[in-house]
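The two complexes that follow have chain A in common; it is paired with chain B in the first and with chain C in the second.
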Partner chain A sequence: MSTADEKSRKAAAQPSGSIPTAEEGPAPADTAGGKVMAFFFIGLAASLFVGWIVFPKLLYSQKKQPIDFNHAMHVQEVDNGCESCHFFRPDGTFTGIPKLDKCLECHEEVQGDSAEESRFVNQYAQKGKEVPWLVYAKQPACVFFSHVAHVRMGKMDCAACHGNIGESQHTRVYEQNRISGYSRDIWGRNISGFKRHTWDSMKMADCAACHKRAGVHQTSVQTGKGACFVCHK
Partner chain B sequence: MEAVNRRNRAKKYGMVIDLDKCTGCGSCTVACMAENNIPFRKDESDKLLSIAWLHVYKLTNGKPFPHTDVCYLPRPCMHCEGHHGHSPCVSVCPATATDYDEETGIVSQIYTRCFGCRYCMAACPYHVRLFNWWDPVWPDGMEKMLNPDVSVRMRGVVEKCSFCYHRHQRAMEKAYLEGRRELEEHEYQTACTQACPAGAITFGDLNNPKHAVYRLKKSPRAFRLLERLGTRPKVYYLSSREWVRQAGDNHLQQEKQKI
Partner chain C sequence: MAFGIGGAVGTALSPLPWKLTDDLSIWTQNWPWTPVPPHGEVTQVDSVCTLCPGGCGISVRKVEDRVVKIEGMPGHPVNDGGICLLGASGAQLLYGPSRIEGPLKRVGRRGDGRWQPVSWKAAVAEVAGKLGVLRSGGEPHTLGCLLRSDRGTVPGLFSRLLTVFGSPNLMRMPSIQDTYELTLYQMQGALALPGFDVDNTDFLLSFGSGYIQGWGSPVHMFRAHSRWRNRGGRVVQVEPRLSISAAKADDWLAIKPGTEAALAMGLSHVIITESLYDRDFIENRCRGFESWVDAEGRIQPGFKQRVLNTYTPAKVSEITGIAAADVVRLARDFAKAARPLAICGRGRGRVPGDLGAFMAVHALNALCGSIQRAGGVWAVPEPDYINWFQPEMDKVAATGMQQSRLDGAGGPQYPLARYLTSYLAEIINAGKGYPLKALLVAGDNPAYTLPAGGNVRKALDSIPFIVSFSSFMDETTRMADLVLPNHIYLERLEDVPLAQGFSRPLVQLCKPVTAPQFNTRHSGDVVIDIARALGGSVATAFPWKSYADCLKETLGGNFQKLMRQVYMVGRGTGAPGHNAAFETASGKFEFTNPEFKIRPDYEPIEAEGDAASFPLVLVPYDSMRLASGFVADSPFMVKAVDDTVLKGRDILVEINPQTARKYGLADGAIALLRTPRGKARVKIYHFEGLMPGLVAMPTGLGHSAYDEYIGGKGVNFNRLIGPVQDPVSGLDAAWGIRAKLTRV
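Right after this comes the complex of A and B.
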């Protein structure tokens, strides 16, 4: 009962209270509107700053590779370019980052005067321990990627997707997404998703777009796009 | 141009299971579980909650001795073609988690896409779809023996037989390395086919006259399960026994004529 009384009292008081403010004129209302707009734009700028600059900085942790690998120097030393170490096995699977035994073909003893190499030989090669490389391109377990389909059938060279990694003298910082655990290379550095190079991002949409351009059969009944089992397992 | 046409010819992978040869030993189920990282629990007695992509059913003709007859029926996913690939499950999936590939005729299931509504389970007339009520728990050390070509499912998603599609992916990789786009019949075989000690399961491309299934599916002994629903399954069964063929279409006892 008391609440109903209060309501009726408020309702009675309101018209008398609102009339004087309306008579004060339009000028204060304008400044109030301006303030609202100013706050809106400050808020927008602040949230864009947080969302586009602060959040990505917080989202990714920075990790160093266990060994600072020099691609440029190795490419000069080997005969067969990339395929000297990253090659296809006879069953069509791809070696990816080579295992220790491949490195041991040359590095049983220290070859040069690089500090990184002697660290590799002492810490890994002589102990028979695999190097725990951080894989920039690591995809979730449900993703199937066939290198041979792209390299042999698609006639793409390594640089088409990997860029000029063969000329790099140091390994990049591996930025790991703190939430998903995957590398920043998957989403890409540009948080808005725009890309200029093939390797700028490696999401499902990137696979699908390139497959469509390259004429991979779009045979899915549900979507009319590429079938799921082309890239999933 | 002819070569291109031949290359683009759609496959229709399917299976023919000879029920007269099947002894019900269950090797196919075991091979399937190992191949596809299928989870299991300590207590598997409640079959409504347990998961097996390939289930062996026991059929009886219901007659008293000495006329009793038993038939074992292994049942993988039928990979229904439906009408233009609109199999029952594909038509109802709201998440695009299950899909029909017109190039291979395989009904795919993408576990990371599935959100577990289980419409597909309701739609499937063959009970081939199973729901993960729990995250898989492997006995100590067994996770190291999992098949790396098959992704492990998580709690809350539906899974089903994929005709060992990862074996197709692997076989294609080898073919690509050798400069081929076509597979030989033996290069892509499912785990259950290879495990069957009686040789009851035959697998191949139903569109390819060189494959054994092409001939077998035309056998007068051939039938499919619940054929009259129009799901157009790609798993054929062979049986010389009339009551088994009748059971395959779930005929009622009082039904006057076969439909």
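Right after this comes the complex of A and C.
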């Protein structure tokens, strides 16, 4: 197939004003049509490959957490489950990932024989340096999220959004979106956006769906749906 | 082409375009350079704002150690939760680019801005070395020290250093405080600060005071203003320009500038002739109202006689340009109000003003009994908690202290004045007295804030050794040889001994809200370090381990209390009353102090310059949106300035359209403004609210130092005006300067 040919033929035909006839079309039809289809499918396949396989690989960079943290082991050691370290302050704000101070309550000295623990104590605890944890669940700054509204008032379970992280023995690789800078967990591991568990993704649609189910401020004057200002202050 | 179409279809069927669109939209909503406060524990720390003398309590919101918001402290007696634009943008000063990050030593020429970081130890050693030479040379008095205020422990330490060093040249920056203090001393015999019970007044008569433009304690005045509005109080503003204060007043009387004292005397005339004055107060608590016979047997005219002889409404109308009928009506309204209060000091009160005029206004208050009672003027005693032991002075210091002050304050010509800082530059430049060989500057920016800025810079240039304690690279600091940056108010511990204009004694504690951002050091500690390095009797005068120790010892049991509650009010809520209020020899309120023979009067203070070459008169105006004091505007404030004040980099000057037409100055035209002190490029703004013949310029612009957000915008008014001496007190009483506008 030659597009240049086609063009020149059209260009030659037009000044005479004649309508191109069937004979003037690409010939011979069957071999050329096959080629076109072949190219079409090659293009299709290539782009599908790029879109589904290559693109997600390119889009996310892989980062390791500074310390390989064992949630499962910690949960066993503490009395109060998740809230032992991730708790509400008296003013209702949520601590999120604990600061060094909290870790120091137990780890001023090395406690066990884990290599990661002694690395933590040497590199961070003793130097008074905060651990630069990478936060899987971090939402963009334009989102106002209140833990207390969900956990205390909404009676939601931590796992509803965070999954079974409390059972993990190692920290996962943190995949960072190269464009937006946020974690892959927000969009979800499935690049097509489908999810099986509530915690698979944490996009606006996920929040909105749950808010709709729970009837949270479905009072927007403009849209008749969830009010934007619930989350976007 | 088929490949392309296939590719397009495939791409559309893959998540790529949708995901990319989503990511890009998130990216655009969260620009990585937009500062977002960190997540973390939110705390609220209460402290005091010291960005102006207003003394507002602040409540600082922090996320972890990062200051994110400054609000007024609820329940605080001065500002009860309110805050001004400057106070609210304090975080920009804390984190702004003009902060000095550590001690610096000048390399290169003065003002070139080339610095070399030095250690604190080396910096203190350098100061001690340079100052030590002055002492060993027997000329300790050639050390000068310029401070914003002379109250509180940090100024106290500077003052102590100068005393034991041997120099009388401690100077405070000028303001209406100077004149009000003299007024209270003359008429009430009190060494006190003026307090105004604005909360309880029902008639405010303001002689050009910008009562909602930064006069007194700015936020306190704002709150009082709202209260008058809600409770039906009346406000009359007397000034030649339709300022915000005039616009918000019930009445605005456009007066010829500089003649306010004549109006005050005229009002007294009406009040006396119509017997509207407070008879009980005048007859029982005052002296000098009626004429009296002095020790030599001569008849001295009393206030009443002078007012009746000279200030008839017709005469006053001639002087002030206000109709005689208006004078009479205003006098009646004022005197008939239940709790009238007259205030003075133009604009924000940056220029001290003339003593006669202040006394005339104070006399007007006295006529209505508005002294020491609810809604009136109260003498607020000087803070008295600093009781350090008397330092021992060696011979060098004792001889040095015998020298007369370089600025002439307290000298034979101006015995009343405590400080005449406005003239320091002229004295130095004229080579009068002795040369200053070293200067310490703390808490202010005299190269910007003093009048005749050009002269000030010249004078500074002639001083061989200048040490700046500023936290910012301001105009003065640029001229320094050594910079010893202080923590800013959000990082330091310091007592705040007054709230300007507040009616009750108030001691507050400014405490560190966050850790110092840079390698700065508390000026109190640095003074102690310097004294210690100087050794001998200078060192023994400073036995404290640190400034914090000194402060704790000074405040005693109140330290912990202040740490908890920020402020302590010295007296109950009621008015002080008249008993023991007057510490004059007679124990009465004096209309004319017999000792000094200084009395309320109108003495015209002429604007500098000759009318032939300078047909117009330039006057300043202050605004809450610009900080015209020692702290520069925050970038946030610069954004809030109207385009009738600043457009691009051009400053706008107001002029009445009628005057503008006479000189062919179109609205928006660029013109050259000349005064006897300097010239500047300005933009013309036609404003009906300004009296013809005047040109009005905003203060607080035209910084030549600082950063791109603050510097290089507009013109500094102080560069265009010079001080004009009040013949009585010697204080600067300039209200304007002659000027000329030409189109360019």
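Worth pointing out:
As a convention for this text, the second predicted complex is superposed on the first by the 206 of 233 C-alpha atoms of A that agree within 3 Å, B and C clash if a C-alpha of one lies under 4 Å from a C-alpha of the other, contacts with A are read in each partner's own complex, and residues count from 1 in each chain.
In the analysis below, a residue touches a chain if its C-beta (ideal position, glycine included) is under 8 Å from a C-beta of that chain, and two chains touch if they have at least 3 such contacts.
Since the model is a prediction, treat every value here as computed from it, not as a measurement.
After superposition onto chain A, the modelled positions of chain B and chain C overlap sterically. Here chain B and chain C are compared by how many residues of chain A each touches, and C touches more. When the two complexes are overlaid on their common chain A, residue A:Phe40 makes contact with chain C while staying clear of chain B.
When the shared chain is aligned, chain B and chain C each come close enough to touch A:Cys142.
Once the two complexes are laid over each other on the shared chain, residue contacts for A:His217 go to chain B alone; chain C is not touched. Using the contact criterion defined above for the overlaid structures, shared-chain residue A:Cys228 touches chain B, although it does not reach chain C. In the overlay built on the shared chain, the residue A:Trp52 is in contact with chain C alone; chain B does not reach it. By the document's definition of touching, neither partner reaches A:Trp199: not chain B, not chain C.
Applying the stated contact rule after C-alpha superposition, one finds that A:Arg152 touches chain B and leaves chain C untouched. By the touch criterion defined above, A:Gly181 reaches chain C but does not reach chain B. In the superposed model, A:Thr93 makes contact with both chain B and chain C.
Working note: chain C versus chain B after chain A overlay, options 243-251, 279-287, 297-305 or 441-449, clashing stretch identified as 243-251. Judged by the document's definition of touching, chain A residues 91, 93, 140-142 lie at the interface with chain B and also at the interface with chain C. Touching chain C in their complex are the following residues of chain A: 1, 3, 35-48, 50-52, 55-56, 59, 89, 91, 93, 95-96, 99, 140-142, 177, 179-182, 187, 191-193.
On the side of chain A, the complex with chain B involves touching residues 88, 90-93, 140-142, 144, 146, 148-149, 152-153, 217, 219-223, 227-230, 232-233.
Against chain A, in their complex, chain B makes its touches with residues 8, 10, 84-86, 90, 93, 96, 98-104, 106, 108, 110-113, 149-152, 162, 165-166, 169-170, 172-179, 181. Those residues of chain C lying in contact with chain A across their complex are 1-11, 13-16, 18-20, 22-24, 26-27, 29-30, 32, 34, 36, 39-42.
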